[in-house]
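Going in written order, the chains are labelled A, B, C and D, and every chain counts its residues from 1.
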Amino acid sequence: MTRYSAFTLFREGLRGHKGWPQAWRSPAPKPEYDAIVIGGGGHGLATAYYLANNHKITKVAVLEKGWLGGGNTGRNTTVIRSNYFYPESAALYDFGVKLYEGLSRDLNYNIMFSQRGMIVTAHSEHDMEMAARQTNAMRLNGVDAELLDRDQVLKRIPLANTRPDCRHPIHGGVLQPRAGTGRHDAVAWGLARAADARGVDIIQNCEVTGFITEAGRCVGVETSLGPIRAGVIGAATAGHSSVIAQMAGLQLPITSYALQAFVSEPLKPVMDTVWLAPPFGTYFSQSDKGGLVIGGGLDRVPSYGQRGNLPMQETVLAGLSEMVPALAKVKLLRHWAGIVDVTPDSSPIIGPSGLDGLYLNCGWGTGGFKSIPAGGWLLAHLMATGTHHDLSRPFDLTRFPTGRLIDEGAASGIAH
Amino acid sequence: MRDDTALWDAPRDPAAPIDLGKAKLTRVQLTRQTLVSGPNVLQQTDLPLVDWPGAAPAGAYAAILRRDRVLLVNAPEAPDGWNDTAQQATSDVTDAYTVFDLTGDALPFLQRGAEITPDIPSRSVARLLFGLGVFLYRLDDGTTYRLHVPRAHAEALIQHFEKAASHT
Amino acid sequence: MTLRLPTGGLIDRSKPLRFTFDGKPHTGFEGDTIASALLASGTRILGRSFKYHRPRGLWGAWVDEPNAIMSVTLNGQTFPNCLATTTYLQDGMQARAVNAWPSARFDVKAGLDLFHRWFAAGFYYKTFMWPDWHLFEPMIRRMAGLGAVSPDHLDTYSSDQSHDRCDTIVIGGGPAGLAAAEAAAQAGQDVLLVEDHADLGGTAHQLADIEGIPTSDWITARHSAIQSAGGRILTHTTAFGIYDHGLVGLAQNGPFGTAPRLIRLRANRIILATGAIDRPLTFANNDRPGIMAVAAAAEYLARYATLPGRQIALLATTPQADTLAAQLTQAGANVTRVDPAQSPLSARGGKRLTALQAGDRTHPADTILASGGLTPLVHLWRHAGGKLDWCEHRNAFLPGTPPANMTATGAANGTFETDEALEHARATGAGTPTKRPDPKHHLTPHWPTPGSPGRQWIDFQHDVTLKDVELAARENYTSVEHLKRYTTLGMASDQGKTSNMPGLAAMAAIQGRPIPEIGTTTFRPPFVPVPIEMYRGAHSKQLWTPLKRLPLEPQHRASGAALGDYGGWLRPGWCGKGDPAEEAQSEALMARQTAAIFDASPLGKIEVIGPDAGAFVNFVYYNTIATLKPGRIRYGFMLTEGGAVFDDGVIARLDTNRFVISCSSSHVDAVRTHLEAWRQDGNDPDRIFIHDTTQHWATLTVTGPRARALLDTLDLDTDDMPHMSLRETAWNGTPLRLARVSFTGDTSFELSIRASHAPALWDALLTAAKPLDAGPIGIEALSILRAEKGFLMIGKDTDGETMPHDLGFTAPRLKKSTPFVGDRSLHTDKANAPDRKQLVGLTVPSGTPPLPTGAHLITDDTTPRSLGYVTSSYQSPTLGRPIALALLENGTDRMGDTITAWHLGKTRQATVSPPCALDPEGDRLDA
Amino acid sequence: MQIFTCPFCGPRDEREFHFAAEAGKTRPDTTGEVSAETWAAYLHAQRNDKGRTREVWMHLPCAELFLMERDSVTMEVYATHPLRKAPQ
């Protein structure tokens, strides 16, 4: 692997960039691996990377039915945060943020984690009480958080609506300074390059069509490129987790929904933070390229169609116009949708699947991107050791029969 | 503790007709509105049944809300509660819905609030308009649209129509 | 040097319009775009590229223009990133190139181009990691972005939305669209024709005549025929997307500075006649100002009577180029034909072109017109899920397997010859299935040549060159999506209209694969950028989730009450004019000392009626309701099937077959839906009916030691009314439902009367209250009163995990024998766990301030753990000390314990106490 | 914007509808012993089919609970059926 650095970039610039090697290979699948990861998105690639890096298991294949990073990893609004209420969630997501903080250097690939902070605004007295509850929870969970008053919010978001006719005037908010955005594709590519460099085979255009089981244990997969056997299998197939589960004869507590995202034409910097205004159902930030990156809630119709629907567009974009009236005149460039796994408690599922030899990392809902390194780390741990990491144990499927749901929405009113 | 009184327009006197330019919104004071539900209520009522787009007569009629529910308009008073003989539940809701007649070039106003056309009939007059639950049908003059909106949303409906008027 | 011809075009020379570009005054005519007026004036540099700040001129004449992007100010309002080619000129416009300072012609950042070799595709992924990205990001951000958005809000910039329908929508008002619309209308269809230019005709204007008729007459004839057959025509209207179930999104544009109207159009049939655009040729310095698309030059000439230049090298072999060459020559330009097959090709000159170098020949030129062939505009086809087929003869993706109810015709369908297009369009319009005509002209492909010398632009706006594509291939970013994302090819504000095809072709050539094997990226709406405002519809200000209004709102306003959003209703928070917190305190004190009147109208009044009503409410309630006697009232919970408390409130039995559920004000709609769902799922819906009569009634609560006295003055008999009973009576000849329930702990009555009679009752109560020193109170005071008693508010003192036994209501969970919603969920491991959060009170010493709501209760470890949190906290005016409610882990076992409350790093001590702080024996209830 | 067909009211805008649940779930009889697993499966397990689905929806204006068969990828609606035994 040629190291990326200012120096190599300078050198290659002088010679027309002819010396850069492939970021990853395109190998043909081998008949057997020590471990197979289904899904070449962020979580799958991170799993393979950490299997190789943390557990020295390098005979690993990542099977991707399309192009790597083409699922939700390449379709999200790039927010990275850990502003969670419950200790279990906070520990999990903050682990993700911490891994992100070092990820560019770990991978030798600039994933542009921009810790510009995220503000969740409060718009009423009741919101402020909940904001206090949230801020205190975060701080007790060891996550950075500040409770902002109205002026402090407006200082950070000068364009915010302060007109007297604003339906939901800003009262204050919760700031997580370490939250921010990352370059989503770069996360997938950086992980792919680093995993590949450690010997992992990343096999694109290889669709898993079934599981090979022997004596009740999963020992391999059927794919569009033929059967591949493996010692252990992990699935990280957000949006399609139920499809994979059906192949294994399982049902998951997951419903798939389309989640839309929007980007505007590029603008000179107008917005320095990530802002979620819950009563408007909208959040946005500004990318380094200058586009406003806008997101909101789920479409209301369960869907595997990777395209958005007008009612939610109206809600989200109207929300943005209300949050910052000056942006109403900005033009929308593109909108698209990803398919997300939604669990009853909006928390992920990490753990054994119910089929021996098959582990799951799914159910991240709208929050998968921020957890890519954490999800990969934990699935790799499970696959390598056969046991839970302490951070993933609460997120096992057994929480459903025991009733031990981790329902952030129920507790804190925080949108996922 | 925030005083938001000024954020909200004071509700208009609903008795005064509202000029929408190409259309007019007039408050209708009905004698009575009665919810009647029952497994056979559509067969049992002897009042004219009104659906969408419908043609409501001047006197009493029964607007169909569901497969087992009608809203009786200007029907004789009936006791609230369960009528075991008729197998019907009855509730007086006269004050629950504010009623307007929309006259003039009405359809463009309605089409701002929903995908709506008189060309596609419906057995029920219940629908969402501007996101508000309403009962909507035509009178038998063929041009007047009658709207029942939950009283608490009457002001919002007026504002929606006024906003539409600014664009028509 | 003016390039404007003395005659011709669609412009109105009698209406000159003055405008400025980068501060310099110019004049154009009515009918001009900013771009055409600048071109006519001889302005060559209209913008700068995103990355290298290369000087750029016009490539296109309409939506495919990648370069001429401007901030435009008119009447003091500035709009960023306006495309000069689609912005119709208005008098007084001030246009300024974005991403350039002080002007597009002299841009201080032009020097960046010198360092281009280090700004190759994805260079930023390889550096800026040490010490940290944060060090570099601000600089990168300042460099990026196009226009600056002004911070002003434009009140006049307000969107409209409508829904519409038709039998057939024809998208595109060029020759094919006009012909198709006419045929469809004459076949009796209700037709809507939309065209994104302000005038009809499309490329027809480039032709002198069509079907033997002068073009303008031909267009007029089609227009009249469509209209007389009942068809409708919308010009200046863009179909920007097609959504599920065939919904077409239309943006109907008005004058500059107004927001387009969004029309959601439902059609039984969609005919796509969106035409085609020219694609660039890829050669060295092909981004120089003065290099323009053949199709664009034809448009400037036909519509705006403007030559693209005087000395023109025409680098194309298409039939369209043949036509144009003759027209340009006739108009006085000097045209040299150059075969693009010659190589190498390169443009000479910098800000101004001097020549086209083709092989070893130098063709002097101030303008190069280039075409690599036409690309059908199939965006909407793809939005709707239509497939694409690759055509070797046209070197283009054409509409293949169609989506439901959609047909393509004309150039959008790959038919670039007018007569054939018209024939196909007419048949399509009439509904006759028709095969696509074979092309007369077989295009010789001129795709990018990997390895060829010079800087060759693929994406003009984003500065993606052939070398960048080669780099992406070298690094294995070969999937078409990786190529796009790694190089940013096709992600500029023109959305790849000019760059996608050359980009795909370049990757195909590098890999030696056929183009269709590379595939295309997803075509995403909107087809052209549309303002965010357009999507807003009616959702603004008050109409963004409008609040519900009380029958007594006029009375509250008249009395000066402070109104606010409480649970979706606009309600009085407090009634006096003083300091809000003090008003709430004194109102609460009045309620305890004399009596208070509270507008409780939003409380739910959902009737459950029918022979199975009793069994049904018994099933949907946690508590046993079956045993409730007529005329009596019970407090209870409804649970979710997951066992969490969903709503609380009282339920009254009016008679054997009729109950009325008084659910929380903010929950009425949710409870009604919840009940309806259960009614139809597992119960007999013919024997249970749910009537939401909430808004028929207004409810006024009278509470306090003098409540009875107050009601006596209204001749309302409260004798023999025990607590939790109900009586149907009358007041002033109107039915009145009198319920004795208490949310304050004092004697209380709820008076429910028809909403239209509420003002009279309200006035009577206020009049009667005066001599008693009683009066109205708002919801803030009520919140204090109920907290003193430890009465909870759903959603404030509970969360989505709270179960009834956490609130002290344990019996039904253990003893209720019949099934109820959520029953089994109350016995999971977690439901049975000893560490559940339970509702408790907290006591702090008098004289200290109330605990902050939202403070956590923590363990006393060095790393403290949260045990719960304060959910309600007030100064109690009655007790003269702070009170608080909290959800606390294992709270009932901690009664009397001292616990630490933690708020933003500061701690205080509190004592765990029962939730009820006032009158725990309940003596006041019957005082 | 999709069009769903309420079995009683006919075709209406999707905004009038509320997704209730997958079809085919039966509430366990809680008068007897119900295992934690059975209850959790009833509450939470989903087929979540990609492609043809059978779901229960509510048409909010008329509160009708009905069965809808549709495709979760193409969004095509195949049919809607009333859940009531005797459609009128």
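Note that contacts are C-beta pairs under 8 Å (C-beta built on N, C-alpha and C of every residue); 3 or more make two chains touch, one makes a residue touch a chain.
The shown structure was predicted, so the numbers you read here are calculated from the model rather than taken from an experiment.
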Joint neighbours (chain A and chain D) are B, C
Check: interface with higher C-beta contact count, A-C vs B-D, is A-C
Cα centroid separation, chain A vs chain C, in Å, comes to 22
Chain-centre distance (mean CA atoms) for chain C and chain D, in whole Å, is 27
Between chain A and chain B, the Cα-mean centres are separated in Å by 46
Where chain A touches two or more other chains at once, the residues are 124, 165-167, 305, 309-310, 344, 401-403
Chain D residues touching 2+ other chains are 1-3, 15, 18, 36, 39, 43, 60, 63-64, 74-75, 84
Going by residue number, chain C touches two or more other chains at 243-244, 247, 264, 266, 542, 565, 642, 685, 825, 828-829
Contact graph of the chains (line, ring, star, complete, other): complete
In their shared complex, chain B is touched by residues of chain C numbered 158, 160-165, 261, 264, 266, 538, 542-543, 546-551, 553-554, 557, 561-565, 569-570, 573-574, 580-581, 584, 607, 609-611, 613, 654-655, 657-658, 685-686, 689, 691, 693-697, 754-756, 780
Within their complex, chain A touches chain C through residues 4-6, 8-10, 12-14, 16-18, 20-26, 67-70, 74, 87, 104-105, 108-110, 112-115, 124, 126, 128-137, 139-141, 147, 158-159, 161, 163, 165-168, 183, 185-186, 189-190, 204, 264-270, 279-280, 286, 288-290, 305, 307-310, 313-315, 317-322, 325-336, 344, 401-405, 407, 409-412
Per the touch rule, the chain A residues reaching chain D in their complex are 240, 242-243, 246, 251-256, 300-305, 309-311, 344, 400-403
Interface with chain A, chain B side, in the complex: residues 1-2, 6-7
In the complex, chain D touches chain B at residues 1, 3, 6, 8-13, 15-16, 60-64, 82, 84, 87-88
